[in-house]
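You will see two complexes here that share chain A, one where it goes with chain B and one where it goes with chain C.
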Partner chain A sequence: MLGRAIIQGFIETGRNFVGSYYDPERLTTVQYPEQTLPPDEHARTIPFLVYDGDDPSQGLRCTACTICELECPPQCISIVKDTVKKPDYLGKMQLQPKVFDIDISVCMDCGICAEVCPFDSIKMDQVFALSTGDRQALLLHKEQLAKSNLYFRQIHPGEAAAIDAARAEQKRKAEAKKAAIASAPSGFPSPLP
Partner chain B sequence: MTALFPQATPAPFTLDHDLLEVSMGPHHPSTHGVFRMNVTLDGETVVKLTPVFGYLHRNHEKIAEQNSFLAAIPYTDRLDYICSMTNNCAYVLAVEKLASLQVPERAEYIRVIVSELTRLFNHTCLAGFLLQDMGALGTPLMYAFREREHVLDLFESLSGSRMMCNFMRFGGCRCDLPAGWIEQAATVTDRYSLFLDEFEALLTDNEIVRARTEGVGVLPADLAVNAGVTGPMLRASGVNYDIRKVDNYGVYGRFPFRVPLGEHGDTFDRYMIRILEARESLAILRQALREIPDGPVIDPKAKLRNFRPKPGEAYGRIEAPKGELGFFLISDGGPNPYRFRIRPPSLINLTILEDMCRGHTIADVVVILGSVDIVLGEVDR
Partner chain C sequence: MRSARNPLARLSTEMDGSIDQIFVSTLHRIASLAPPAAQPLVSMLLIIAGIMVVFGSCFALTTIVERKTLGRMQNRYGPNRVGPFGFFQPIADGIKMLTKEDIVPFSADKALHFLAPLVLTVPVWLAFAVLPVGRNMAAIDLDAGILFFFAIGSASELSVFMAGWSSQNKYSLIGAMRAIAQMISYEVPLLLAAMPVLMLSGSLSLADIVQAQPPGHWFLFTPWGLAGFGMFLIAATAESNRSPFDLPEGESEIIAGYLTEYSGFKYALFFLGEYLGLFAVTGLAVTLYLGGWQAPVSFLQWFPSWAWFALKFAALILLFIWARATLPRLRLDQLLNFAWKFLVPLALLNLLVAGIWWWTGRAQFPGLLIRWLVCSAILAAAYILLGRGLKDHKLPPHRYHYAV
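This part shows the complex of A and B:
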């Protein structure tokens, strides 16, 4: 019969239309500005810099090695090294960035900077809806990029826990090594009194 | 050769009239982006059609030649922005050939799973777009997007991003599957099979769809082969050529799937081939999700930074949802490719557009273009 499949199509459409009122499974969207879904743990948007402790100027993990600057596909990171060094979590003296800028109007959220960073310093954020009328505001400086490790633990709990455990282990090993050197009977007299 | 590309024979002039030239696009809503066609019309019938490319040219190949091998991966996401996973796959396959890296088995299975998921939603979304071009505004496309949403959720929990996945790496994948991902993917696969039944009940036998597509835009097999057309378009013309079968790249040799073939090569066959391929993808997915082994997901020899493959050249190709997607790379031993060339399926499938459209009405041109399955990010690069 001509029109049978058209009627069948109308039945399908009607089932979908009515079904979406009764079956929550069929509702895949939410009313966005009023409702938002929690982001997935692995979701990523723009990068940020992790710092330990309370003071971003002291606890910044970044050592200005410029690996992320070199690997960034659209080249949106610019780093200027500082001349002053500061101790890192193992007590080693490390460089720090004087300038660390990310132009998020250029950034394409690929996450390669976070992947290549050997110091677990640059990580991917989950903020969104960042549009603004001021173009200069899209150039994020070190102060805006620095976010605490507590925040990192909130947004990526699994990854942060693994990194914290690895860092604690490294620190424990470094301290044990230092203690062993200090306490071991050495063939050479210690230069220190 | 002249027989294969017949010249347009103008209709017999009964009245004194001229041909009309229409420039369709680049902002025409049915051109799937910024694609332009210069159409010469005799009344409503197409006499000549010239595709005009390049409105979305982003200099992708040159950018990739100046960046490192690693930094080209996020750019490949933006080629065919609907199927970023398969683009990643084709590029890393070329680099792996260049650097002779071995991919662990688990990573190969992950690649098969994400590629087939990509093929699933690409084919159903294409059917939605095709129907939208015919005037079914919204409904089939909205249903296809509703199901695509579940796959994108899977991709987000796997790679961090819904569309720009940036997931494959040389010698494997960036990270392992999160806990519970396989069960979730199995649920999505089962859901998709129900959805395909629903989708077919809605569309396949519909009299209007049949009237608009059957016998429209016929592509003969010899012409398709000569023009280098690949993918579902070629198979709709009845040529048995699927790179998953021909090359057996990855672990595709272990999956006993069938290659659906069309009979007439018209627009309806091109629609039907995609639905049948989606069903085959479901079978591949079920098997892959059942058989996926444990183990590492990346070759320990593979380096992320300072990656310098030895001098040489390699061509890696896969069966992307739109056809043969190939990357040709020449390395001079440096950190960036000396030459980076992409063979995009949709550009080459588009070159045959005039031969399919000639003699049909301008309303059919929109439907024929919709059945080619183009993404302008890939056509113009």
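This part shows the complex of A and C:
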């Protein structure tokens, strides 16, 4: 009948109006910036560098292999290797970056750098209020990019937990191997009985 | 025989001195301070000032209430940053409109371009003069009040023509042509819907029409009144270029149609004129069908008459806002078909039904019931049959002659 759909429309908008005063389903606005929606675990913006422990210069996972610099599509990462080496979480001596710059005005948040990193050292951050009046401030240096593993666990809990578990397992195996070597009688490999 | 009179020479009624007549008595008190020769002029100026203040602030309030109500109906807040709950937004809008640059196209017809907003706004203010907003509160009680009202309303349609032509812009011209076609097409159902009211109240004077609707006997509470009210509201929506009939100013269709070349204060005047036109025709709908300032039932008559008018007025404005939030825009051909092929025949039949109602005016029960049934049946049948005529007919299946 002519007008039936019109009546149904009126009922729906009427319910929207009345429901918007008590039903959160009928008023879904989040009034930014007083209110924010929590970001999804897989949300990403610019990259950041992960460091273990308390000291960013000692715990930085990055070994300056420059794979991320080579893979970055808009080439926004700039790495200069340092001559001084430092031990990684397994005790092996690794290179470290002297300069690690990311130009976030160029970075397109694709995440390829995080995908290709073999050391789980560059990961995607979730900060988005990055506007600034100073264009030079859009070039982030190593000190600004380094964030603790605890922060990484907060923003990407699943991924961080998996990486930490894998690292703990590797460390345990390395320790066990070292213990096996230490406890073996002298003259490893053991001589024939 | 009534004529346009001096508002100071009003007859007193039994409610004199009460809160119902507070505006009338205040007017008398202030006007009596002036020398007797100047009193009619002073009282008229006070009435004009009152109308402009009331309907001007009504305009400001309506813009923000509309935006917030539309927002709530669309699952969002309306503007809520300026002032408490956003209610100072009209001030912000006003400042914005006034400080915008007034751009006039180089090849535009300067005189017409300048006059078009004025031709829209001035007649609409005139239309408020005949509306009886309360007991003894029509600014001018004309013998032919309703005729004056419709004539003035048609005068403001000229401004659309002027705006479209003078902008020297083919899109403005097309928009203006469409707007005029819409307005003319919907004048006919508007007038035809108002006709049964005139027939049954026997007078063109709006004050008399209100007097003919005592509490409980509003014209809305009759079958022809219900249909007529519906048609009047639909035609009123189309006359004010409001959704769903806002094709002339649909931003996705034709930018702003005839308003394209207007900016700043002139655009504000067009905006004002359209909303005032809406208020005028809403006031008329309240007067014709909802009993004007009369209460709905006689034991509620203690409530002031102007307050009843305001309540009914507000309810109708909210209904218009609700319609804007709900209905999609009509295309031009749908719009014109609806006017000519549905509303006009229905309105003519409504006249017939009103005539039957009048003719059976002295019926007693069960005649009353038969009267209701017969009139409602005629209108319902007409509605359903005419409604079928509006449906899009499915095309016959295409026969391919060459492709297999």
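One rule holds in what follows: the second predicted complex is superposed on the first by the 158 of 193 C-alpha atoms of A that agree within 3 Å, B and C clash if a C-alpha of one lies under 4 Å from a C-alpha of the other, contacts with A are read in each partner's own complex, and residues count from 1 in each chain.
Just so we're on the same page, a contact is a pair of C-beta atoms (placed from the backbone, for glycine too) under 8 Å apart; a residue touches a chain by one contact, two chains touch by 3 or more.
Because the structure is predicted, anything quoted here is derived from the model rather than measured.
Asks: Considering only the touch criterion stated at the top, classify A:109 as touching first (chain B), second (chain C), both, or neither.
Replies: In the superposition, A:109 touches chain B alone.
Asks: Using the touch definition from the top, say if A:40 reaches chain B (first), chain C (second), both or neither.
Replies: Once the two structures are laid over each other on A, A:40 reaches chain B alone.
Asks: Looking at the overlay, does A:3 come into contact with chain B only (first), chain C only (second), both, or neither?
Replies: A:3 contacts both chain B and chain C.
Asks: In the superposed arrangement, does A:16 touch chain B (first), chain C (second), both or neither?
Replies: Once the two structures are laid over each other on A, A:16 reaches both partners.
Asks: Of the two partner chains, chain B (first) and chain C (second), which one does A:169 touch, if any: first, second, both, or neither?
Replies: neither
Asks: Taking the superposition on A as described, I'd like to know which of chain B and chain C A:31 touches: first, second, both or neither.
Replies: Touch partner of A:31: chain C, not chain B.
Asks: Contact-wise, after the overlay, does A:72 reach chain B, chain C, both or neither (first, second, both, neither)?
Replies: first
Asks: More residues of chain A are touched by which chain, chain B or chain C?
Replies: B
Asks: Both chain B and chain C contact which residues of chain A?
Replies: Common interface on chain A, chain B vs chain C: 2-3, 6, 9, 12-13, 16, 28-29.
Asks: Going by the contact rule at the top, pick out the chain C residues touching chain A in the complex.
Replies: 69, 72-77, 322-323, 325-327, 383-384, 387-388, 390
Asks: Once bound in the complex, which stretches of chain A touch chain B?
Replies: 2-6, 8-9, 12-13, 16, 28-29, 40-44, 67, 71-73, 108-112, 115-116, 124
Asks: With touch defined as at the start, can you tell me which chain A residues reach chain C in the complex?
Replies: Those residues of chain A that touch chain C are 1-3, 6, 9-10, 12-14, 16-17, 20-21, 26-29, 31.
Asks: Name, in rising order, each residue of chain B that touches chain A in their complex.
Replies: 67-68, 70-75, 77, 139, 143, 146, 149-150, 153, 156-161, 164, 166, 174, 178, 198, 201-208, 304-305
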